[in-house]
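Structure, as structure tokens:
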Amino acid sequence: MGLLSKILHTGIVTEPLPAGDSEVVHLVREVDAEARRLFGRALGIREVDAGSCNGCEVEITGLMSPVYDSERFGFHFVASPRHADLLLVTGPVTRNMEVPLRKTYEATPAPKLVVAVGDCARSCGVFAGSYAVVGSVDRVVPVDVFVDGCPPEPAHILQGILTALRSGRP
Amino acid sequence: MVSQLSVGGSTLVLLGGLMMLWRRGVAAHIGAFTFQSVALAATMAMVGWFAGDWQLWAVAAALLLVKGIGIPLLLKRMERRFGSERELEPYVNTATSLLIGGLLVLLAYIVTAPLVSVSRLPTRTGMPLAIGLVFVSLFIIISRKKALTQVLGFLMLENGIALLAVLGTHGIPIIVEIGVFLDVALGFIVMQVFVYQIHETFESIDVEQLNRLRE
Amino acid sequence: MRALFFLMVTGYATGAAVALGLGTGPLARWASGLAAVVGAAAGLGLAAGVCMAGTGFSLAAPDLLASAGGLAFRLDGLGAVFLALTSLVAAPSALYGVGYSRALDGRPAQRQAGFMLNLFMLSMSLVPLADGTLTFLLFWEGMSLASYFLVMTEADRPEVSEAGQWYLGMTQLGFACLLGAFLLLPAGGPTTFVHLRAAAAVLPTGTRDLVFVLAVIGFGAKAGLIPLHVWLPRAHPAAPSHVSALMSGAMIKMGVYGLLRIGLDVLGGGPAWWGALVIGLGALSAVLGVLYALTEDDLKRLLAYSSVENVGVIALGVGAAFLFQSLQMLPAAAFALAAALFHAVNHAAFKGLLFMGAGAVLHATGTRNMNRLGGLIRGMPWTAALFLLGSVAIAGLPPLNGFVSEWLLFQALLPGIGASSPLVAVLMVLALGMLALTAGLAAACFVKAFGITFLAIPRSPEAAAAHETAWSMRTGMTMLAGACLFLSAASFAILPRLSAVAAPLVGLPAPGPVLRAGLTLQTPDGLAQMSPGIVAASLGLVVLVAWVAVKRFASRRPLRVGETWGCGRVVQTPRMEYTSTAFAEPLRRIFAEFYRPTEDVSIDFHPDSRYFVQSISYRSAILPWFERYLYAPVIARIRLWSERVLTLQSGSVHAYLAYLVAALVLLLGWLVVTGQR
Amino acid sequence: MSPWLLAPMQGAVALMLAPGLVGAIRWMKARLQSREGSPPWQPYLELRKLFAKEVVVSSNASWLFRAAPFIVFGSAVTVTLLVPLLAVPLPLGGAGDLLVVVYLLLLGTFFLALAGLDPGSPFGGMGASREMTVAALAEPTMALAIFALAWGVGSTNLGQIASRTLSTPSEALAPGHVLAFAAIFLVTLAETGRLPVDNPSTHLELTMIHEAMILEYSGRYLALIEWAAALKLLVFFSLLGNLFAPWGVASVITPGALLWAAVTLALKLLALGGVIALVETHIAKLRLFRVPELLSASFILALLAVTASFLLR
């Protein structure tokens, strides 16, 4: 009972499309249109942590929260790369994660996209030069789009996914 | 119609007992008891309605007041005082307990068959379930370790007897029911003191701790 | 019919003679096997003839063993069903045996195996034909002994000789009970079943009850009803696989046959508790059988326990027939009996198939331990497909024959809920619950049996090198797979026959309850129908349409073959797979109170730190509790006695002579005492 | 209109409604979680996408892995030909009763479990083992609930059960009926992989039951399996809806009656979906080894249902 009344009082907290940052709104509308066209508005995302500090993961979790609610665009996170259309890779690729990352890419059925999230994924960030790090994500798998930021905001991750959808024409 | 309703009502009352076997939390146990008492009061009122017996209405109202509201409140207070100890490891595990509960109900069905066949009352159909509740409550008292659970089993036993009386005799004289109530109230107070004492002595209301008294 | 009878006997006898006479080469194998196939075909023809014609077949041979009263044969509907199921398994087994026993070429064991196999099949075929005490017990014992020798084919392995001991012990215990039962039936005058029936009608109630209980023990031991099943999971795996197929498919059904013959035919049914007893044993066997099957890692032991389960399921139907008959619910009784008979025939088909499949696996890999198998579907595609069919059938899944008989049994138990006695109604509810639990667990069990054995990556080099078996073995399996399909598709035509067989046994006039409406099966009250054929056709059609639609409309991108997804781990080894033990783990935990497994975990730590583990060894065993509490004390007691007897063994000839004289004196004294009275 | 058209019609309606049902439950759950959520038609889009994608098959997998999705899908669709979704009696009503429905669904589970074992992945084996455990333990409940239902009619024929409740509406509230409904509802949660037995939206392999078996599937095979899962949910819901409250089901075959039947069916599915969404918002997943407790509770309900039927005869 208590839970029900709380649900009723809270209402829908997802930020509606027309509100908030106009740039983000514009972007999100674009994402919506693109996703619809390319993947039938149903995009399975597989997250691969290739050695990140988990800062990016916190932001990615934000994508699933009631506020950003990426599910409304038909994005959902899946449990296996076999179900995925897009890989969301974070972190500098560590030696231990090099093979798993490659295997994940191979396991994903075509058409597939890769979005590398965070500064580390592009330049290894503070980990650059470490003996434990192989290098940026694109040294291991082909990357469609990099999302900068340490960590990037959820909105920017959305933007990255959009750009990937637009460029990586499957 | 009456027979359908009395089976339905008794089933709900019995389900309250089976819920005790199923759940583990103290709050859930109190909830099951409350549910059972309300269902019992409703069944009594239903029988009273069809029998045209105002006394049963009165009894139902009293029952609702005492067992549906009063005792659960007291129990919740007890729970707050002693902290909610869950029935984590009963002597018989939950799934087996439930199956035994089911078998007890079937047993009740078999043993009451002669009883039911002599009765002419339309409410007789619910009697096996009332006996079933009596068996299940006894099983709860035997198989559970926490004193609070056992108190609840005792209260449910009383509910079962009240249900049997209502269904088997089509209503009981109010004076008898008041006597029973007093009995229960007394028993409840004794139990409460008992539980309190156990808690004082052992810092827990697990009756297994009583084994230590032997030493 | 006479001709068929003689052809059958001649076929098996020729097979036996040829095995003895033609040496130990392929020629002997083939000749003896083919002769047996002829015998089995004739047996099937004889059974079909009796079933179709509806009239019995009888033949007296008073000159054979004349001093004991002579032999007599008669085949009625009930016998025909069991002769049919025996012949149904015998022909493929004989064929399969030709390929299977190639390993014995050039060894004297070959001779013995061929001879005993034919003798086994012959005496087993004659058991349902036997008419009268002597003939029945003679062939019964012949069947038991021949199968004992077959179990002991590889007697050099210690577990085989242990299995043989268990088997012999239980068989003889059962035989003693049977002897008692038959002797309690009045022996004066001719002992054909007709006479026994007339005599049994006037027996006092106590004697009738005793006869029935003895029959339940004697036949139950052969059928493998729990707790008399202990020989079964030992002897079946020890025997060569086609013999296991015969034993599981046909021989244990003879226990059911005997129970029906004595209980329903000769004694003509009894009080309600007879039925309740059989239902109780059946429910116990069904649930415990499948629970033990689930935790087995040995493929053939798993199948053996599954036979215990299926005999339990059959016993549920038989018990219901007894119970309904005593309650005067005759159509329901006939229906339950027909359902049980159909399940017996079905089980013969798929269990025979599965044992042969297991034999093919054993032949190809040399192991029965499922934790060392896997991936055989690539090396042995035929065996795999046939085993899969058998698994679906035995798991009771539509549209195969296992489901049909399970459906019939469910429907047959349903009227029991309507019985006026609350005790009977409750018993039926519990029996239904048990039956459903058994069906569910059987499905889990055969996912394990097929999945762990045939799918995924081979768990040992032997499994990886497995090869397809000889075509004679595959033909044997294919025949039984065909039988499974046929029994399902033609069930609407078979059931009325079985109903006609069952009806006179429970005291109904000949055609029995109607179990057919057009091409569908129907319950006697006409309220529920089912047609495996239509279900299969719809399923096939839907699958076909889906396949075509997917081909036509879905993406045409070619399939890409990749590595198994394992969260990116570097390499996959068979050790990462789920094993047979692991598969059963959830159920083993859920039923832990029942299994009471013993577990033994030992961990070796690194000498420097307890945080580093060098090795973990885990060992777990389940000792069935009736063995622990029922058999172990008895065996210990017998050991004790035999040790005491050992002290009598002085080795001196004089001592033995003294024993002889003492025995003689005692015997004479006893004669004198009884003679005086 | 020929009654034989009814069977394919029911199949088509079920195929069309099933993804929508899953979508509607997801949408309602999202709303209860204060999210906007994906629209109810999202599963259709997902299916379309999956059918268009490439298929990757494990190198360890055999032909069984490729055949299983068709068998799973086929068994689910065949069931929709037998269950009274739109009308009673059905042309195929004589081919299969309630037991056939239950065991056909078990056939699908059987093959899915085998397909889970086939690629040799540890997750697949784990899923197969768990799924079969839950399925086996759910069987007794289902059987007893079926017989509680069949009690009054004396038959397990689906059409007759529905017709009886239609002709004597008071039966719908008979205690045996209500208890059997509750028992089958709990079994539905277990068999269709809903909370608290299995979390349909989990990403953690170790907590999975159903999902673990299909981790290896991709593209059109995955689409078939997802569609079959949705159909299974629809079948259980329509059993709950149309056997216990058969109002709206057409007993004469006219286009109007059938349309009305389709509309009421959709409403019943939505209502039950709402209940599931509420339940899933309220409770957490049970530990795997507490699932047997839930199933024995459902068994008790079924047992009480049968007992209540005894008492009222």
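All chains are identified by letter, namely A, B, C and D, in their written order; residue positions are counted from 1 within each chain.
Keep this in mind: contacts are C-beta pairs under 8 Å (C-beta built on N, C-alpha and C of every residue); 3 or more make two chains touch, one makes a residue touch a chain.
Because the structure is predicted, anything quoted here is derived from the model rather than measured.
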Higher-contact pair (C-beta pairs counted), B-C versus A-C: A-C
Centrality ranking, top chain (CA atoms only): D
Intercentroid distance (Cα basis), subunit C paired with subunit B, Å: 49
Length of the line joining the C-alpha centres of subunit A and subunit B, rounded to whole Å: 55
Gap in Å, rounded to a whole number, between the CA centres of subunit C and subunit A: 59
Distance from subunit D to subunit A - Cα centre to Cα centre, in angstrom: 34
Multi-partner residues of subunit C (at least 2 other chains): 422, 429, 557, 560, 562-563, 565, 567, 590
Subunit B residues counted as touching two or more neighbouring chains: 95, 106, 109
Overlap residues in subunit D, where contacts from two or more other chains coincide: 52-56, 205, 215-216, 219, 292, 299, 303, 310
Interchain contacts, given as pairs of chains that touch: A-C, A-D, B-C, B-D, C-D
Contacting residues of subunit B [partner subunit C, same complex]: 93, 95-96, 106, 109-110, 113
Interfacial residue positions of subunit D with respect to subunit B in the complex: 170, 173-175, 178-179, 290, 292-293, 296-297, 299-300, 303-304, 307-308, 310-312
Interface residues, subunit A side, partner subunit D - complex: 3, 7, 10-14, 16, 39-42, 66, 69, 71-74, 76-80, 82-83, 85, 107-111
Subunit C partner contacts - residues on subunit D that touch it in the complex: 7, 11, 51-64, 70-71, 73-75, 77-78, 81, 92-97, 99-100, 103-104, 106-107, 109-110, 113-114, 117-126, 128-130, 132-133, 135-140, 142-144, 147, 150-151, 153-157, 160, 205, 215-216, 219-220, 223-224, 288-289, 292, 299, 303, 306, 310
Residues on subunit C engaged by subunit B in the complex (per definition of touch): 422-423, 426, 429-430, 590, 593
